[in-house]
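In what comes next, subunit A is part of two complexes: it sits with subunit B in the first one and with subunit C in the second one.
Our next item is the complex of A and B:
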């Protein structure tokens, strides 16, 4: 039988027990309030370097991670991977297929976890951050986060990363134009994967777009490089790793890494506050609005604003009551 | 707090039959489960994946005729790691009914041969996963 005793799990976790890590990930994923209890047991935070990988489905993100993580492990690095796929909004279930591209990763230095987005309030970014912390506490040097490049929430996850790779492939020429703004905004390194299928044209096109993006480069001083890879043969992966370390060095020297990490913690703090307050309101105040108030809304939807205000007022007066 | 049921769907050994595992995986997803699709994996990889992904159930899809050997190997590896009974183990595929009891004795919680219904598999998992 598996144990859910927290003390026991944490003791095992500290001895680098992979099952304890796996179980703690599940517990934190299932219960947002648990993370605080877990991290009480750790006092010396260590920083892992977080690499975010995004791009449309099928461009080879998981296959690329398979190469990247193996090479980094050969250099002696310990690596934690999180691959996120969407949950079905209808059933809540998910099909997590990233592992089939990562058969080269089963070894002591690497831990890979598939995660469903579980769409609910704040779910995605919250658990991802917590699991990054958990990997760090476990002693990982590098955390790699794979997301599907679609939707606002993905951008949120990417705020987690120190270096962001945006993956493209040959044949997506038109969509590059559409993505233009997005690419320049979030990609620290642009990867054109599936080099065996071409991609020279896109690489050139991206270079041209980047050359035009003087404004952006002015802000950080970093001109994102374009790297062509073949994630099946491993061609270009060494160059990609070199560019990752170049970017790391750049943002360290420019003080950007420090800023990013502070921003990340601030975002997390705000997310936690929102979560706690919303939880309180939903548990203690929302149930007390009588059916009539809901009926008011159904009868005249303009009332929705008033009802929200009255819930807020109830919350506020409860707060005042507590103070005195 | 219990989250969704997590399952690992794998094919130990290489045979060409993908349809079964894909259809069942979709069915489990549509029943609200998080399906980690392992595809072709060695028995060692299956056990390691089940640990990392902290799944509740391991599903083996076997069409090569070697279902007894593979199932036994997975169960032995689980025993070696002290994980006997930790995961609900289901075996499916081209399995003659005469072997059902053998597989159950080895450690499969249930066996699904040709003609099995997804709704029965879902019901069985929901009933037997300890949440």
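Our next item is the complex of A and C:
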């Protein structure tokens, strides 16, 4: 990507060109160094409100987000969506199911993007943070991040959010499976979708679990509400939006929103430094690992710990000897 | 943990004391530096055969593993199981559901351990690799690693395995959801469990998907078989075991098993070096980040990229000036 092209792209982006937004997202997704270059061209950062949505596959996250985004758009909000797809580890590509399902959205206020969970160079949180910033620069008021939330990197992504919704449905196996899959305790709002299939019982179960989580409520003063929805008919969506704004108000007044935003930036700073250092290591250490050291560990795998230590020691002595 | 205690523990471990094994697993899970110390006490590494088992929650992975382990134990094999639980991100603890369900196993040849996906200090792959080594040192012939396989770190764990089984069930939503959740393409053997609920249709779908994956088959010469099982009745388990040994034989003859084992060690070496360097950074850089730099990014978040670069640059100049 030549610099003049990038500048051209940013100029179009500033004119609210949606294709320029799409192209910049792709570029940033694939190149961790690019975000820094892009944001040099902007000087007034915006704060969008970030909503994280998680829940196991099949609970209707996509249709729920569709409903949510439509309603918020009707209220005049601009919405950017990042949908993280558990990707095929073989092909590296995201499956297009969500994109197909979201096509009914109003095109002018809503922008939707799928990202493969293994597709983002430099990690999922890295790319999601950078794309959030891009959405904010584009003028989005709300960013929605969707993920199945199983696995470490997906849970990390959720920590970017100001309000986290955890979606469950009736009949997803017994309550043990539900607890395992649903990571209920991370939720600021618990949603029971497909309420027509009998949401009352699971809503009661969730309420009981919340009653036990006294410590959590003590920390933040927020008791997660349980909202029943039907993402097909739209039932319960108004109540859900109301609870989102309730939570926003709560964390604003308690000073938690500001803390979250600062923590997000500090985490990002640390992640950037780590990435740069690991990049250095990748370029200057790995190519120099000698065959003898590798054979040493192939012959006796218990040696791997000692060999790592010796390469690590060499790293620092080489650095100190290096002129630059 | 004092050293004399560790030596005592290892002595008991060498006498095949299962409680010593359990204790060492806990210690290694929580302390990335410990594995190196422990394996100094061993000198003849064993190679267990590692089987990875993945599939979305609710497909019956636990009962299937139970059946599989029982049958393999009857053949005289010793089996170590690592079950990775999508953990509660709030409490950090693994949910005990699996442990409860696995209690019917023969106690003498099988050892089962649950691990929270966020519980392992230094990452999931790190701990899983180290625990595999511990199982091998204990004399296990087979290690089974179970994970839901959604998310980056869980997929990484699967790459430790020699043979990967992907479990699906009939009726888990439409085929798009199935594809998203099932990460079919990573599987060396595809299992359709709960065949009593109508496994034929999904087995045919999987076969069709495999027909498209010509490139994959071309690379390894292996066409993943689709096996229908019923993990409650035990139906299909014999066939599944036969296919596992078929796959093992295939990769042995093609030299792929040796390549996998070497790659696993090289990946481990790199992960260890990265971990040590990031540890250094954590101890020597983060505490020194000045308030002014943090305020700089809190005031304008676009600055985070430049501030990271300047701290990175300082890292190298400090290092070169440091005496040690």
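For the reader, a short list of remarks on this structure follows.
We take it that the second predicted complex is superposed on the first by the 298 of 324 C-alpha atoms of A that agree within 3 Å, B and C clash if a C-alpha of one lies under 4 Å from a C-alpha of the other, contacts with A are read in each partner's own complex, and residues count from 1 in each chain.
Criterion: a contact is a pair of C-beta atoms (placed from the backbone, for glycine too) under 8 Å apart; a residue touches a chain by one contact, two chains touch by 3 or more.
The shown structure was predicted, so the numbers you read here are calculated from the model rather than taken from an experiment.
In the superposition on chain A, A:259 makes contact with neither subunit B nor subunit C.
In the superposed model, A:272 makes contact with subunit C only, not with subunit B.
In the overlay built on the shared chain, the residue A:311 is in contact with subunit C alone; subunit B does not reach it.
Comparing subunit C and subunit B on the residues of subunit A they touch gives the larger count to C.
Applying the stated contact rule after C-alpha superposition, one finds that A:114 touches subunit B and leaves subunit C untouched. By the document's definition of touching, of the two partners only subunit C reaches A:301; subunit B does not. When both complexes are overlaid on chain A, the residue A:233 reaches neither subunit B nor subunit C. Of the two partner chains placed around the shared chain by superposition, subunit C is the only one that A:285 touches, whereas subunit B remains out of contact. Residues 88, 90-91, 95, 97, 118 of subunit A touch subunit B in one complex and subunit C in the other. The part of subunit B that touches subunit A in the complex is made up of residues 1-4, 6, 25-26, 28-41, 44-45, 48-49, 51-54, 85-86, 130. Interface residues of subunit C, counted against subunit A in their complex, comprise 35-36, 39-40, 42-43, 45, 56-58, 85-86, 88-91, 95, 97, 117-118, 123-124, 133, 148, 150-155, 158, 172-173, 176-177, 179-181, 183-186, 213, 216, 261-262, 265-266, 268-270, 272-274, 276-278, 281, 285-286, 289, 294, 297-298, 300-302, 304-309, 311-312, 315-316, 319-320, 322, 324. Interface of subunit A with subunit B (complex): residues 1-2, 18-19, 22-23, 25-26, 29-31, 87-88, 90-97, 99-100, 103, 106, 111-114, 116, 118.
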